[in-house]
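Each chain carries a letter (A, B, C and D) given by its place in the written order, and its residues are counted from 1.
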Amino acid sequence: MDRGTCLHTLRKHADPVYSIAFSPDGKLLASGSFDKWVYVWSVQEGVVVKQYRGTSGIFEVCWDKEGGRLAACFSNNTVSLSV
Amino acid sequence: MDRGTCLHTLRKHADPVYSIAFSPDGKLLASGSFDKWVYVWSVQEGVVVKQYRGTSGIFEVCWDKEGGRLAACFSNNTVSLSV
Amino acid sequence: MDRGTCLHTLRKHADPVYSIAFSPDGKLLASGSFDKWVYVWSVQEGVVVKQYRGTSGIFEVCWDKEGGRLAACFSNNTVSLSV
Amino acid sequence: MDRGTCLHTLRKHADPVYSIAFSPDGKLLASGSFDKWVYVWSVQEGVVVKQYRGTSGIFEVCWDKEGGRLAACFSNNTVSLSV
């Protein structure tokens, strides 16, 4: 059995992270946390390349098929669409 | 680092929103909430173009590959299929 | 605004349904519930065409890309693979 | 109605398993549990072929489109990227 190799441990959120999603081209990873932030990470470098602050805790994040739109849904009844 | 740009904040649900899903063509976003409603939003305009009221809180929504069918699963043990 | 049309309300689970997933060809919908059952429904007819009983509550169900395999993960620490 | 056939019951996690995901080629299944472990199982043989230990409970696991990267998100505010 292979032991999996960790590329990056991504630390920036301040609360549990409930949802993650790769962009369709695999170059970006979005994460949504109860700390109200969506971070978009570069998979290669493991750093945040874009960030968006919502107004409450995030349950799920997802990309559209082209990777041009990112959606998040929140504990305060709202949904956000960002680029 | 880029600050993400918010296109739309979608406000119509009355309870936390646990699940979102883009339609396969990326033109629509479905959201399911504990307020029993599934809303289908136009990504471009940020308005509801279709809605469906279930009979209890919604845990997850998903589209089929063609985008013609939308499913939701509920806290009262049921599953719905709608068009 | 269009009012969404409900095709089928699927009733057979005995506990909340936490996860649903369409088969890749869109003809089937899998549902996993805390009642320990995975049901596979015909989207067209709205009836169960296959069922699999696990040994505890189900958090998530998913299909492989071909639609030949269905996986489920459970509250009693197990994962199942079925056909 | 067909009774679904169980191929494998995968037992190795020590806590509830909240998320599973097939690799894009369907040959592997990743599972993430509150026991802090990500296991990657061979679908054919039903055995662990790779494992990665995080530092807290796992809410979600996902693959990139190529199946070369695996991400997990954690209750201790971190996200991991592994190969």
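Some notes on this structure:
Here is the rule we go by: a residue touches a chain if its C-beta (ideal position, glycine included) is under 8 Å from a C-beta of that chain, and two chains touch if they have at least 3 such contacts.
This is a predicted model, so every value here is computed, not measured.
Listed by label, the chains that touch chain B and also chain C number zero. Shared residue numbers account for under half of those found at the interface formed by chain A and chain B, and the copies are therefore classed as meeting with different residues. With centres set at the average Cα position, the gap from chain A to chain B is 19 Å. Inter-chain centre distance (chain B to chain D, centres taken as mean C-alpha positions): 26 Å. The residues of chain C never reach two or more other chains; the list is empty.
The touch graph of these protein chains is a ring, one cycle where each chain has exactly two neighbours.
The touching residues of chain C, counted against chain B in their complex, run 1-11, 13-22, 24-26, 29, 31, 33, 35, 41, 43, 46. The residues of chain D lying in touch with chain A in their complex are 38, 40, 48-52, 59-60, 62-66, 68-83.
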